[in-house]
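In the two assemblies presented below, chain A is common to both, partnered first by chain B and then by chain C.
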Partner chain A sequence: MIRRSARVLLMGWLFQFKQMSRSSFDSLLAVLWPLFFATVAFFMFRAGGKPDALVYASLGSAVMGIWTATSVAAGSALQRERWYGTLELLVAAPTHFSLVLLPVGLATATVGTYCMASTLLWGRLVFGIRLTIEHPVLFGLAIPATLLSIGALGFLMAVSFARYRNSWSLGATMEYPVWLICGFLVPLALLPAEVRPISWALAPTWGMRAIRHAAQGGGSPLLDIGMCVALGAAYVALGVVLTEAVLRAARARASLSLT
Partner chain B sequence: MAAIEVEGLRRTYKTSTGTIRRKSKLIEAVRGIDFQVGEGELFGLLGPNGAGKTTTIKMLITLLIPTAGKARVLGLDVVEDAREVRKRIGYVFGGERGVYERLSGYDNLRYFAELYGVPPREQRSRIELLLEMVGLKGREHERAEGYSRGMKQRLHVARGLLHDPDVVFLDEPTIGLDPVGARELRATISTLVEAGKTVLLTTHYMFEADALCDRIAVIDKGLIVSEGTPGELKQAVAAGSVVEVEVFGLPEGCVERVRAVAGVRSVSVEEREQAQILIVQTGADVELTHAILGTLDGASVGRVARREPTLEDAYVALVSE
Partner chain C sequence: MTSLRIFFIGGLTAYRALINWLSLWIFIPTLVITPIFQILLFVYIGRSAGVQSDTFFVIGNAVQYAAVPCLFSMTNAITGERYQQTLAYILVSPAGRLPLFLGRALPVILNAMFVAAFSLIVSGLIVGIHVPVSAWPGIALVIVVSTFACTGLGLICAAIGLRVRETAVLNNVIFGLLLVFTGANVAVSELPGWMQAISERIPLTHGIRAAREIAAGASLSHVSGLILTELAIGAVYMAVGYYGLRLMELSSRRSASIQIA
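What follows is the complex of A and B.
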């Protein structure tokens, strides 16, 4: 059972990733889109005149790219399934629907690695931001942990996309608030105190902290990675539980198809 | 045990209109239907657009939850045992949707083989076998977006059979196919029945139902209006006859006037280039040709013919009642 589930996840991830990578326009957009935001961030932070702030902005922009790719793409991926008429086929298959949806979130987060790489490279080549890594091993762990947890959040969002036909736009509306609330560009300490619990409940916050602490030193990157993974696992567990209820509601309300 | 058992099945949709003052409306797509399909039988569900055919199939394949009533497939309840039902059924629908266009036909099949739990060691041979069967061998590594409509339809069939299901649901599988493609697909459907599969088929094409189905249920406005073998359905109207009148410019209100003629069972109109063919089913032993011509208000009339009723006439009579 576990072996089969792992295989379905792996094959689903490969399939979804292959599908998302097949459009050269989408791939180009995944690389170029975050560069616009990164450029704005670099100019803003450069005006501050602190070299450390540019590294801060570079890492923040890189994770922004992963989140953007996931939040927008997870919604549009599900909408595309609906337009293709494949969403009903996926639901009609005997595999638990969460094993179908989770790879969608993971694949979109994987596409986010393009964004991350292009943002870091852009910062290095155009703005001369040199990234020195304080704890390379922890940095190496923090990146996949962040990717997986953002993928898990994408999965949780995808569960709602399966139920509500128009909720695909939810991903786009969540793009900017998460940039702010998870401290991608602005330290959490600057946010109002009442907002911070929301930040702590979001895995990208801990992923961002883990990456920054591993790269720039300070803090406790291992704890951040642990929190990031734990929250990601909680999203997956919640998503699996919700999937059955959401799917039943979609079958009752006939919202799986467009016809 | 019947392969498919349907008892008092109903499905209602809620729709709403208006932006500020929204009004909800309930649409009864299926209004309490009963039928059974035996194991190894090819059962046809016929009906006009919006009759409830696809809604019925979607309830049977677990995509929709019935508003009321019961349905069992191979003894399994379609609501309570949905996952078990899914393992044992295949679903194929007509049209070009339902395909991952950016990927190859082979990738499409590989993904669904995984989702349907086809053992990894058997996947390759099973896919090869089905590609051969549906005639896509040699084209399987091309992107599906370049496939013709017929090729996509054949890919659907292969996908629906990947896990060797016991019951296959075919929802208008030949719609939009060219005559050769449709004939090949019908041959494939016959092969399925020969292999012992139970098939539930919906189609608009009467000759297709006549040629393939063991039994047919005619569904109209969410209700089954008749059920039987193609022969039995034809028998229901065999006692009458059909008058076909070629009219150039059918006058307004003519169909209603013909329908009002005593002895007329049903009236339909077919468009043929500049002419309209008025098809009138009449009772037995009545000669209504003159009465029908008298309702045409002097419109230009071409060929007038009288013939024996076909299955299509039986269908038209049933859904016109």
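What follows is the complex of A and C.
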């Protein structure tokens, strides 16, 4: 059972990742889009005259790219299957639907690694931002942990937007708030106090902290990684429960296709 | 009279038919909530970096975000005909091309004006900036001129869209370039020389600068040069867009590719 589920997850991830990488236009946009924001952020932090802040901005912009790649694509995952005419077939299959949907979130986050690499490279080549890693092993752990947790958040979004016909617009709308609230480019201390509990409940916040602490030293990267993974696991569990509820309601009302 | 009907009624009908995807369920998330969060994002980055004032980012991003309706809606108001299989019928009709194409720009400009004004007012209230009441008519004028200029750029995208299929990607890339080059978040004087040279020749740069000066207390006559420059840039882009459309139309006729680009 576990082996079969793992196989479905792995093959689903591979299939979705290959499918998403097919369009050269979409791939180009996935790489370029965060670069525009990174460029503006680099200019702003450079104008602020704080050399350390450029490394801060470089790491933040890199993780922004992962979320960008995930938010729209994962948000509209069900809508896409609806357009393809495959949603009913996937729901009717004996494999649990969450095992079909989870790889979509993971694959979109994987596409985000292109953005992450290109943003770090852009910062190095164009703005001369030299990144030194204080704890390479922890840095190596923090990146996949962040990717997985963002993928899990994407999965939760995909399920949550199931009943929404234009889910891509909700996915796109989630882009800036997460960039802001998770502290990618703004320290959480600057945000209003009432926003901070939301930040702590979001796994990308911890992923970002883990990457920063592992790269620049200070803090406790292992704790950050642990929180990031734990929250990611909670999103998956919540997503599975939600999938059940959404499918039950859709079957009862015959509204899966939303036609 | 016929040209006026094509311009006003035809433009509105085409907009309603082709931008039918812009329901409230899409309009509110993408054109009401998102610009406010873009503004908040850059306000907080500005505070974190210790550069510029909140007013600088609120005005810059509110005017710059008007580019979304200007680019996406303008492009879709023309290339959308292809997806509805009506492009060939439009292009064989005897209707004058000037009212036909430009009539579709008018609702786009009105939509973009609303987006810029709404996001400016709401995010201004959230962040707590102070803009004197006497400045608002001037800022409104700048928004009108800026959205006109940016719709000219949208018309060029529409012309390209007659030959290129991936217009959404093209529009996103142009929106990103405007974010970097117009000085919405980084003062143009902070940009390298070659970037400043581009900034001076694109829509929104002068409009954003004029709106900021008016908010800071400058009179309309003081910024009239900036407003006129923005207007001139808009007129040039509109003309290039219009002739681009004509050129692409002729080229598509020659290669029989109107429906298959």
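Couple of notes before you dig in:
What we mean here is this: the second predicted complex is superposed on the first by the 252 of 259 C-alpha atoms of A that agree within 3 Å, B and C clash if a C-alpha of one lies under 4 Å from a C-alpha of the other, contacts with A are read in each partner's own complex, and residues count from 1 in each chain.
Convention: contacts are C-beta pairs under 8 Å (C-beta built on N, C-alpha and C of every residue); 3 or more make two chains touch, one makes a residue touch a chain.
The structure presented is a predicted model; accordingly, all values stated were derived computationally and were not measured.
With chain A as the common reference for superposition, the partners chain B and chain C occupy compatible, non-clashing space. In the superposed model, A:170 makes contact with chain C only, not with chain B.
Applying the stated contact rule after C-alpha superposition, one finds that A:4 touches chain B and leaves chain C untouched. By the touch criterion stated above, A:128 is placed in contact with neither chain B nor chain C. Applying the stated contact rule after C-alpha superposition, one finds that A:140 touches neither chain B nor chain C.
Contacts of A:219 after superposition: neither chain B nor chain C is touched.
Contacts of A:256 after superposition on the shared chain: chain B is touched, whereas chain C is not. With the two structures brought together on chain A, the opening angle seen from the C-alpha centre of chain A toward chain B and chain C is 80°, to the nearest 10. In the superposition on chain A, A:47 makes contact with chain C only, while chain B stays out of contact range. The superposed arrangement places chain B and chain C with a least CA-CA distance of 10 Å. Common to the chain B-facing and chain C-facing surfaces of chain A is no residue whatsoever. Residues 21, 23, 25-26, 29-30, 33-34, 37-38, 40-42, 44-51, 166, 169, 172-173, 176-177, 179-180, 185-187, 190-191 of chain C touch chain A in their complex. Considering their complex, residues 13-14, 58, 61-65, 83-84, 86-87, 91, 93, 95, 97-103, 107, 110-112, 114-117, 120, 143, 159 of chain B touch chain A. Only residues 25-26, 28-29, 32-33, 35-37, 39-41, 43-45, 47-50, 53, 164-166, 169-170, 172-173, 175-177, 179-180, 185-187, 190-191 of chain A touch chain C when the two sit together in their complex. Chain contact summary for the complex, chain A toward chain B: residues 4, 7-8, 11-12, 15, 18-19, 22-23, 84-86, 88-96, 100, 248, 251-254, 256-257.
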